[in-house]
Each structure stands twice: as C-alpha cells, then as structure tokens.
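Input: structures, listed below.
In what follows, chain A forms one complex with chain B and a second complex with chain C.
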Partner chain A sequence: MRSALRRIASLVIKEFIHLRRDWWLPAFMLLGGALELVLVGWATSRPMTNLPLMVLDRDRSATSRAFVVDLGNTGTFRAPEWVDDQAEIEAALLRGEINAAVILPRGFAEQVHSASGRPVVAVLLNGAESLPATAARRAIEGVARSWGDRIAVERVGLDSQQLESFFPSLRVWFNESLSEALYTTPAELGLMLEFTVLIFAALSISRERELGTLEQLLVMPFSSLEIIIGKAIPAMLIGFTDFLLMLGMVNMVFGVPVRGSLALLLILALGYVLVELSKGLAISVFARSQHQAFLLVMMVGMADFMFTGYAVPVETMPLILQKAANLVPAHHWLAILRGILLKASGIDVLWPHAAALVGLGLVIGGASLRYVRRALN
Partner chain B sequence: MNPAEIAIRAERLAKQFGDFTAVNGVSFVVRSGEIFGFLGPNGSGKTTTIRMLLGLLKPSSGEVEVLGIQVVQDPAAIRPRVGYMSQQFSLYRDLTVEQNLRFYGTAYGLGSERLKERMGQAIEMAGLRGLERMITRDLSGGWRQRLALGATLLHDPSVLFLDEPTAGVDPLSRRAFWELLYELVERGVTVFVTTHYMDEAEHCHRLAFLQRGEIIAMGSPEEIKQDMMHGAVFEAAVSDSTRAYELLRERARMERLGIQSVELYGALLHIWLVDHAAGAEAIPAELAAAGLEVFDLRRIEPSLEDVFIACMRSGKPSR
Partner chain C sequence: MSWRHLLAVARKETYHILRDRSTFILVLLAPTLLLLLMAYALTVDIERVPFAALDHDRSPISRSFIQGIAAGKDLDFYGYVGSLEEIEALLVRGEIKAALIMAPDFSRRLLSLEGMPLQIIIDGTEPESGAFAVDHVGWRAEQFLRDQLSAQLQAMGIPLDTLQPVDLRVRAWFNPGLEPRVDLIPGLISMVLGFPALSVALALAHEREHGTLEQLMATPIGRAELLLGKMAPYILVGMANVIFMPVLARAWFDVPFHGNFALFFLLSIFFLFAVLSMGVIIGVFMRTQAAALALSLLLIFFPGFFLTGIFFPIAAMPEVMRLEALGLPGTHYAIITRGMFLTGVGLEVLWPYAVMLIVLGLAFTGVAALFFRKRLA
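Presenting the complex of A and B:
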C-alpha cells in the first residue's frame, strides 16, 4: 500500500514537472479562461443598444420626423442615417451594414391626423442576424403601439389620463436588472471548468502514447489503477484551481454573487470534476494521439454546450432533446451553479440535479474506469 | 538444462492481427547470463515478440516463461525483475537527466538512500556526470541511449529487453553501448536484444534469425554460419563490379555455375557458391568471356551479413 502511494506520488510529481516545462497549456487554460470570461461578461453586460438604423422619409413632415425621434429615444438605435432612395436601404441590408430600416410613406402625417386615417410604416429587418433584428422589431413595435394608443385617445376625444393601457406588473427575481452578464458568466464559468478538466485528462495518457513513453509506463510496476489515479490528481487540481480563480473573478469583476452555500458549491463542483475527469481519461486512452484527443474533447464539449442552456434554453428544445439533456452532466452542473450563485438554492431544492450528477458520475465513472483499465492492461 | 539457468522460454508463440500473422509459432530458450540476439528485417515480428515476452501483448497462442513466471497469466509479477528499452526513446524528453532517473527509481520503489546510490552509478555509467540538470531532449543520441539504459538498470533487473537499442546512434556510441552490455552480462544479467545491425549480431552469444514471423536459423554466430552456408563465399575484385554483379546475378537466376547468390560490398563482390572447386575456376572464365578482368578472387570466411542476406533471399527455414 505504501509503495503504491509512492508510485502514485512519483507519477503526480512527474506530471507537474511536465506542466511546468510545457507552461503553454496551463497558462492557456488559466488565462484563456479568464480572458474568455472578461470578453463574454463585458460584451453581454449591456442590453442591445447602438444598432444601426436607416430611415427613408417620403413624407418629410414634422409628424414623420417625430416618429423617427421617438425611435431614437428607445435607446436601441444609434442616430439614424437618412437616405433618399430605397435602393440604398437594400444595398446596405445586402452588405450587412444595418440591422433595420424604416420607410415612412408619403401622406403619413395626413393619415395620423385625419379622423379615419390608417397610418403605416414599412420596416425592413436583417434576419440574417436574428438577435439584433428581434431587438429592433421590439423597439419599433413599441413606438408604433404607443403612437397607436395616442391616436386612439385623440380620435375618441378622451383625456389621455382617462385611458389606461393594460400593462403586466413586472418584478424580476434573482437578476433584478435582467443583466445578461449574470446569466452568461456563470454558464461560461461552468463550461470552462468542463473544458479544462476534459483537456487535461484527455491529453494526459494520449501524450504518453504519442511520445512512446506509455509502453515504458506499462512495463513498470504501476498497476492500471495507479496510473489512472496518478493522472487524475493533477487534472483535478488544475481544474479546481481554475474554477476557484474564475469564480473569484466573476464575483469581483462582474458582481456575480454567491448567494447560496459556497461549501455546497465546492463539494458539487468536485463531484462534477470527477465526472468530467472520467470522460477525459476515457478519451485519452481511446485517442491515438494528442491531436485526436483534442478534437474529441472539442466534439464532446460542443455537444454538452448545447445542453447547458447557454445558447438556447433547454425548455424550448424538442422533447427528445429535453430528455437527452438529463443525461448530460454539464446540464445538471449548470443548473446547480446558477441555483447556488443567483438563487441561494440549497440542497433541498437542488437535490434532483445533485442526485442526477452523482448517478451519472457513478455510471460514467464506472464505465470509464473499466474501459481505461482494460485498455492499459 | 537446469530450469534455473533458463531466463526466457518461448513455446510455439504466435500472434495474429486479424488475417495477418505477425509471429508464427516461435520457440526458443534464452539462458541466464547470455546476450541473445533477435535478428530480422523490419516487419519480421521482432517487436511483436518482445512485447509478448514482456506481457504487453497477449499471444494468440503459445506460452512465455520469464524467470520461471508464466507471463500470460501473471504479467505483473515479472515487472519488478525485468527492464525494457523500447524502440522509441523511452524517457521523458522534457525532464532533466536527474528527474527522469528519480521518476524511474521511485516508481520501482527504491528508498532514498538506495536511489541516490543507484542514480550516481547510472549517471557514471552513462557518462553524464556534470550534466544531471540537462534537459534530456538536448542530449545527443548516444548519451540518451546510455541514459535510457541506465534508467532501466536502476532496479537491478535480472533480464533486460532491448528493442533495437542502437537505432540511429553513431558507431562509436554503439560500441560504447555494447561494452556496457558486456559488463552487465558479466554481472549475471540476461540480455534479449533485437537488432538489424550485423556487426552487433556478431557480438551476441546466440542468435535467432526471424523472417515473416518464423525463426529460420538459431544458434551461436559460428553455428549459424556453418549450418546455413553450404558451400563457400568468395570475394572478387573485378574491373567493372556493377556489370559483373548483373552478369553473375543472371547466371544465378539460371542456376548455372553453382552460384547461390551475389552481393555487392562496395566495389567488391561476394559470391556464394555451392561447390567451390568448380565455381572458382568457372567464374573468372565466365567474366573474362564478357570482357571483364578479374584482379583478385579469394575464398573468405562468410560474415553474418552474408549469411543473413543469403537466408533472407532463400527464405527457407534451415531446419
């Protein structure tokens, strides 16, 4: 037993010497992760503003200009570019220079002010970039609706105080300002942990195979389990350090709170690290080279990414994918991460995800352990 | 033979990869304290055999016994008692000389006192004193090879497996390497070595010639030369050796003049004749008829290279 521990220690020390010599990988994982977080956090820290807008005003009236001024006041658009020809709008849309264009037809003011007029504006959106297009549509529809209300009030001859539109009363929980950063940075943080652990684990054995040292390791008195443990410890330490660093950063730089129990978060993070570790080691013995291992990590990571709810909420996916999401450890991990960080959820709420993580961990970990041991023997 | 004197015994050892037979039922015995050479062209099954002997590869059939241990059943049991240098450089290039040795020694369970002592010996042996902190990548080929040998010897293995240990190493370093092997054998270590260098093969106590997964000759270098070479080898100096070579190859193909094979050695020809008396006279005549002048023709002791090439060309097992 003592000699087994000494053998494992010798492997762990060797792995850390590799990391110190080949500082590129750890540096990339630590700094690259931080950089990614800064970029994502910063880029998504504000709602969509400053969208380019083109206006073709055929009416050239005070009313039509007032409509455009109202569009500007939504804050969604930057100062509109006025053009004289519809061809210019089409060209700009083709070149992708604008997200939206508004055409005010001749007689717009007349239609607004006459008792039975039907004012119309034409809106062109760049659907190739659907997110800004949606934001532009919302802003324009909002302005049109308030104009509609105002016209209706005037035509009926009511005092504007007398007509109260129907508005839902909003109250946002957990992320009061609906800040994108509070949603994206925890997701990014969770994913970076997955990628760090996966890559380190996946490269650990495939590197030895590629360099021809694995053969040597196998004729030495290491048992397959000792090799696995010796390879797992450094990947775990690196992954966990990375996680703590990034957690500190999102907390201090982006004000992402840790409302729940930090201890619970760390324990569940450790469990999650073990699951990803076993996936990484399985990839590592499956791949014939570091190159292959890296590409496999990318493939697995990208698939997991879909189920984290980062790009598309899992709830809006087709039913079969929603079911499949339950089998993806990263899905549960992100639910736990968001729950503890933003909602102060405890284990009483998170237990289904924690149980799923443990269950998946046992299945994936067990299968991986068997597979890796078989491959190494 | 006394079982204690047997270091390795392979019994009808075979390995198939799908339809391909890499090793086809080889049997041999390596005695304790000898250098046993495994010779064969690339792809003849040398590495596959060595990997089966080490328990890295499960044989399709047959038995392997190393130091009295059944390797297939209990590969872990032989590990502390054998050393292995694979074809690829088996140390970590990004570790220093010292770090590599320390990793090896600790993995084999050497205590710190013993480790220090053995590391010192290994560094001394490899001639790396003063270079302990050098990154292994920066060492020259010969040094690396000796360091790798030193590392595999840290735990005092009884049997050493070397897979083409001197591939890509300069002649002087190769000689130094073989001197180390002789020292080891004097201390009672058994060495199993694969190579395709003929001069190295001459240094082995016993040899096996491997071709397409089968042993086609086995014995001491002298025995192999006697067994395999019926007839005699002549060395000829000719005015145009290339033309003479082509001409004699043609005769050999037509099975005339009793020529078994002809090889070029620089500007000289090595001609292997079945019946030396008849051929020795007929050959100068034949060459003269083609307008070639023979400066010198003498019978020589065949080198292992002659035998090796002759065996490979005929491709027939000798017994």
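Presenting the complex of A and C:
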C-alpha cells in the first residue's frame, strides 16, 4: 500500500513537471476560463440597450413627439432616426441597419384626445435578429400599454389606482431585481467547469499515446489503476481550483451570492468534478489522437449543454427531454449550483439531485475505470 | 510561389487526414453535428410551465379562472396548495416555476368592478419561464376579465375597447413569429464553421510537436506554399459543410434560404480563408497541440460564440468590444449568413462584409507567414 502511494505520488509529480513545461494549458484552464467567464458574463448579462430605431411620424404633433420621447426613455433604444418615407424604413430593414421602426399615423393626437378613438401604431421589427427584436417589442408594448392606461383613465373617469387593481401583481422570488447576471452566470460557470475538466482529462492519456510515451509508462512497474489515479489527481486539482477561482470571480464581479451552505457546495462540486473526470478519461482512452479527443469533448459537452437549463429550464421542455435530462450529470449539477447559490437550498431539498449525481458518478466512473483499465492492459 | 509545391503539401496533408479514417470523419462532420446539437440546446421551446394555485376565495368564479388556465397547453397545473409555505417549498424544489394567489375577495371585487386581486409569483432564478408564465397568465386574465365583465361594462356604457385604446400593430419581417430558431441557426453556422480552423491549428502544432515541421522546411517548399497547402484540405472540409448545413437547416429546422446559393458558397470560402488563417497563426505560434487548443478556444471558439452578434447585437456592445468584434471574421460572416438565409439580399448589400473578410484573411495570412519565419529562424 505504502509503495503504491509512493508510485502514485511519483506519477503526479511527473504530470506536474509536464504541466510546468507546457504551461499554456494550465494557464488557460485556470486564468483563461475565469477571465472568459467574466467577459461572457458581462456580455450576456446586460439588458439590451442602444438598439437602432427608426421613426416615421406622419402626425408631427406634440403628442406624437411625446410618444417617441417615451420610447427613448425605456433605455432600450438609441436616439431614434427620423425618416419621411416608409421606403426608407424598408430599405434599412433589408440592410439590417435597424432592429425596429415605429410609424405614427396622421391624426394620432386627435385620436388620443378624442372620446373613443383608437390610435393605430404600426411597428416593424427586424426578425432576422429575433432576440433584440423581442426586446424592442417588449419595450414598445410597455409604452403603448402605459399610454393606453392613461387614456382609458381619462376617458372613463376612473382614477388610475382603480385601473391598476385590475392587473395581476407580480412578485419575483430568489432574484428580486430580476438581475440577468444571477441566472446566466451560474450556468456559464457550470459549463466552463465541465469543458475545463473534460478537455484536461481527455488530453491526458491521448497525448501520451500519440507521443508514444504511454508504452513507456506501461512497461514501468505501475499498475493500470495507479496510472489512472496519477492522471486523475492533477486534473481534479486543476478542475477544483478552477471552480473556486470562478466562484470567487462571479461573486465579486457580478454579485452572485452563496445563500446556502458553502461546505455543501464544495463537497458536491468535488463529486461533480469526479464524474466529469471519469467521462474525460474514457474519451481519452477511446480517442486515437489529441485531435480526436478534443472533437469528441466538444460533442459530448454540447450535448450536455442542452440539459443545463441555460436557455430553457429543463422542467419546461418536452417530456421526453425531461426524462433524458435525468441521465446527464450536468443537469443535476446546475440544479444544485442554482439551488445553493440563489435559493439557499440545503441537502433536505437537493438530495434527489445529489443522489442522482452520486449514482451517475458510480455508474459512469465504474464503467470508465473498467474501460480505461482494460484499454491500458 | 509554385502551384506544384502548394499542391504537394495539400496532397500530403489530405493523405494525413484520410489515413486516420476516424479523425477524418470527425473533422468532416464536426461542424454540422455541432450545429445540430447547439441548435437544439439553444432553441428548445418552452412548452409547459408548471404552476400551482393558492385560492383563498374558493368560489365558482375563482375555480373557473384556474380551470381556464389549466385547460390550456402552455401552463401545466400542478394543483391547489393550502399555504404560502407550500408554494415556497415547491419553488425551492423547482417543481413549479410560478404560482397564482387569489385573494379572499377575488370574486366579490371582480363582480363589483373594483378590481381583480390576483398575484403571480415567479422563480427569479429562471426568468425565462417566469416571463412566459406572466405573459400567458396576463393574457388569460384579460380574456377572463372580458368574458366576465363585458355585459356589465356595456350596461355601464363603457365600450370594451376603451380599456385598451392604443392599437399596436406589430409585424416582424423575415421571421414573423420572432422564433429564435430561425435566426440563431444561420448565426450559429458562422460559429461552427470555425471548427476547421481549430483543426488546422492542431495539425500545424502536431507537426511541431512531432518535429516533422523542420523536415518540411528542409525541402524547397516555400513558407506561403506550406501554409496554404496546410489550409487547403480544411477549406475543402469547410466547403462540404457549407453544403450540408443549409440542407440541415431547411430540412430539419425549417429555416428558409432566400438568397443566391452560389454567392453564399463563394462568400463562405472567403470566410473559411479568413478564419483558417487565424488557426494558422495559432498553429505557427504554439509548440504543442494542447497549447494550440487552449489558445484556439480562447481566440476563436468563445469569441465566435459571444462576440459576433449572434446572441447579443453588436450595436448594443460597449465600444471596445465592438472594435474587437469587427476584427473577427465571424461577425461579418454572421451578417452574411442571416442576409442569405432570411432577408435574401445579394452583394449590393453584403459587399462591405465580403471585402472585410478578404482583408482580414490576407492580413491574418501575412501575420502567420511573418511569425512562421521568426519562429523557425
């Protein structure tokens, strides 16, 4: 036992000597990942602002101008470009220069101030960029609604509070200000962690094989299990350090809180890193070259990506995908990560996910260990 | 520069790729397979958002309100709950994403036209499903209100239209339903077509790692011939994908293609040239495949995803990032793919982007050739 430990230690030291010589990989894994997370988090967690907007005001009244001013006040658009002709709008849409255009008809002011007029506001959106177009639509609808409410209040003689009481009131839990960073960055962190661990583990054995040094290792007095453990320890250390670094980063830069137990989070993170690690080692043995290993990691990682709930929560997906999600470790990990960070959930709530993670870990880890050992022998 | 030399290198590289059958298949299929996976990951539709109801009123009116919502397919009724604590527990466990609370005087106030005391609670950690629930409940509440109150309002002499006087007529061009799938898939093409660039970086670093680059340099083959010859087979791989991907987009994801395919093919070659040159710079600069891989992910993969305007419009980015985006071939190509697929425009609109691709391609190849001499000297 003692000598086995010594042999593993010497393998680990060998790995670290490799890492020091080829310092680009660990540097990228640790700093690059964390830095990228900040960049990506920053780019994706900002509300859409500064979108180009065109206005065709056929009314040219104080009222129509006030409507446009209200559009500007939403903060979604940059200063609107005023045009005189619908053809200009159509040309700009074709060239992709604007995300939205608003056309106010002649008689807009008259309709607004009359007893029962319905002013028509035409909106043209550039569907070739659906995400900003949707943001633009939401902003314009918001302005139209508040104008509608004001007009209705004037006409019916209700007071505005009375009207308000007909609309459902909204409360948001766990993320009261609906900060985008709080829900996008944990998912991005989870994703970065998965790719880091997978790539690192996948390159470890495929590289020795490609360079012909795996044979050398195999003829030395190491058992296959010792080689696997020796390969796994540095990858685990890098993955776990990376997680700590990224967690600190999202906490400081984006104010993502850790509302639950940090200890529980760290233990489960370690478990998750182990599961991904065993996946990575299996890929590493399966692949014939580093190039192949890398491409396989991209495929596996992207397939998992769907189930992390990044774009759409898993619970709202079609039923068959919900069932499939249960078999993806990243899905359980994201549920745990979000639960502990934002909902202050404890193990009493998260145990199904933790149990699934452990179960999947045992199955994947066991299969991977058998597969890798057989391949090495 | 001699064509014979260039072709000789291209043939050697092609032979390398083809010899390793499984890597060849992976390199060839990677862009299209990744497009398929990412399109699924990012555009899964929200189908059924689970919600619970806390009905303090327990009247026939409040029950029929909930029944109306439960009957629809967009929101999935979890069941009635007895207390706020139960709602909290369900939200924490993620079993529901939204909850409706009806006040004890729900039906009384509704019938006496005082208001509609309804509260919606959503899970802020997943705002996408929350916004979905708010939109759909709001819409149903309005319908319900109309059905319940129309007679009463008319008796009071208030026409229904006056409650929502601004008539907003929204039309989205190119993508009438504003479905993210329709414009994200053309955008993603610009991202996954960067994968051959990662492969060329790895292939060059591979020669470095195995010491065969020096052998090649000892032959009368020039630098430019060597670099272009290395790129040639990967450009072919990319071109094959330029044919696969529109077919996949049309047949599988129902994304239209309105442009001129021959022009699209030509502009895609410009893009491949530009992005592969980026890969060549990395391959020339890095000594090992692992390092080349790390740098490719950092410079090609992640920026290609987040900075090329696929998700986040360039117009809304801060100045610094906008400049960086202009230096990425993917930014210009994403505009071209969306133009070709959705707006169906031709060179009269797209020429500036085509010119940018050529300029970037030439600049990157020049830099690569320069580096190459320095690194080998």
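As a convention for this text, the second predicted complex is superposed on the first by the 361 of 377 C-alpha atoms of A that agree within 3 Å, B and C clash if a C-alpha of one lies under 4 Å from a C-alpha of the other, contacts with A are read in each partner's own complex, and residues count from 1 in each chain.
We take it that contacts are C-beta pairs under 8 Å (C-beta built on N, C-alpha and C of every residue); 3 or more make two chains touch, one makes a residue touch a chain.
What you see is a predicted model; the values in this text were computed from it and never measured.
After superposition onto chain A, the partners chain B and chain C occupy separate space and fit alongside each other. Contacts of A:L337 after superposition: neither chain B nor chain C is touched. In the superposition on chain A, A:A303 contacts chain C only, with no contact to chain B. Touching more residues of chain A than its counterpart among chain B and chain C is C.
After overlaying the two complexes on the shared chain, residue contacts for A:L39 are found with chain C alone; chain B is out of touch. In the overlay built on the shared chain, the residue A:L218 is in contact with chain B alone; chain C does not reach it. By the document's definition of touching, neither partner reaches A:A235: not chain B, not chain C. Once chain A of one complex is fitted onto chain A of the other, the partner contacts of A:V372 are absent, as it touches neither chain B nor chain C. By the touch criterion defined above, A:D22 lies against chain B and chain C together after alignment on the C-alpha atoms of chain A.
Think of it this way: put the two complexes on top of each other by chain A, and the tightest Cα contact between chain B and chain C is 9 Å. Residue overlap on chain A between the chain B contacts of one complex and the chain C contacts of the other covers 22, 211.
In the complex of the two chains, the chain C residues touching chain A come out as 20, 22-23, 26-27, 30, 33-34, 37-38, 40-50, 88-89, 91-95, 97, 109, 114-130, 132, 134, 137-138, 141, 145, 158-159, 161-176, 178-180, 182-184, 195, 198-199, 202-203, 206, 209-210, 286-291, 293-295, 297-298, 302, 306-307, 309, 311-313, 315-317, 321, 335, 338-339, 342-343, 345, 349.
Considering their complex, residues 22, 24-25, 27-29, 32, 36, 39-40, 43-44, 46, 48-52, 78, 93-96, 99, 112, 116-134, 137, 140-141, 144-145, 147-148, 151-152, 155-156, 162, 164-176, 178, 180, 182-183, 199, 203, 207, 211, 288-292, 294-296, 298-299, 302-303, 305-306, 309-313, 315-318, 321, 335, 338-339, 342-343, 345, 349 of chain A touch chain C.
Within the complex formed with chain A, the residues of chain B that make contact are 54-56, 76, 79-80, 82, 84, 86-95, 99, 102-104, 106-109, 135.
Partner chain B is touched in their complex by these residues of chain A: 3, 6-7, 9-11, 13-14, 17-18, 21-22, 211-213, 215-216, 218-223.
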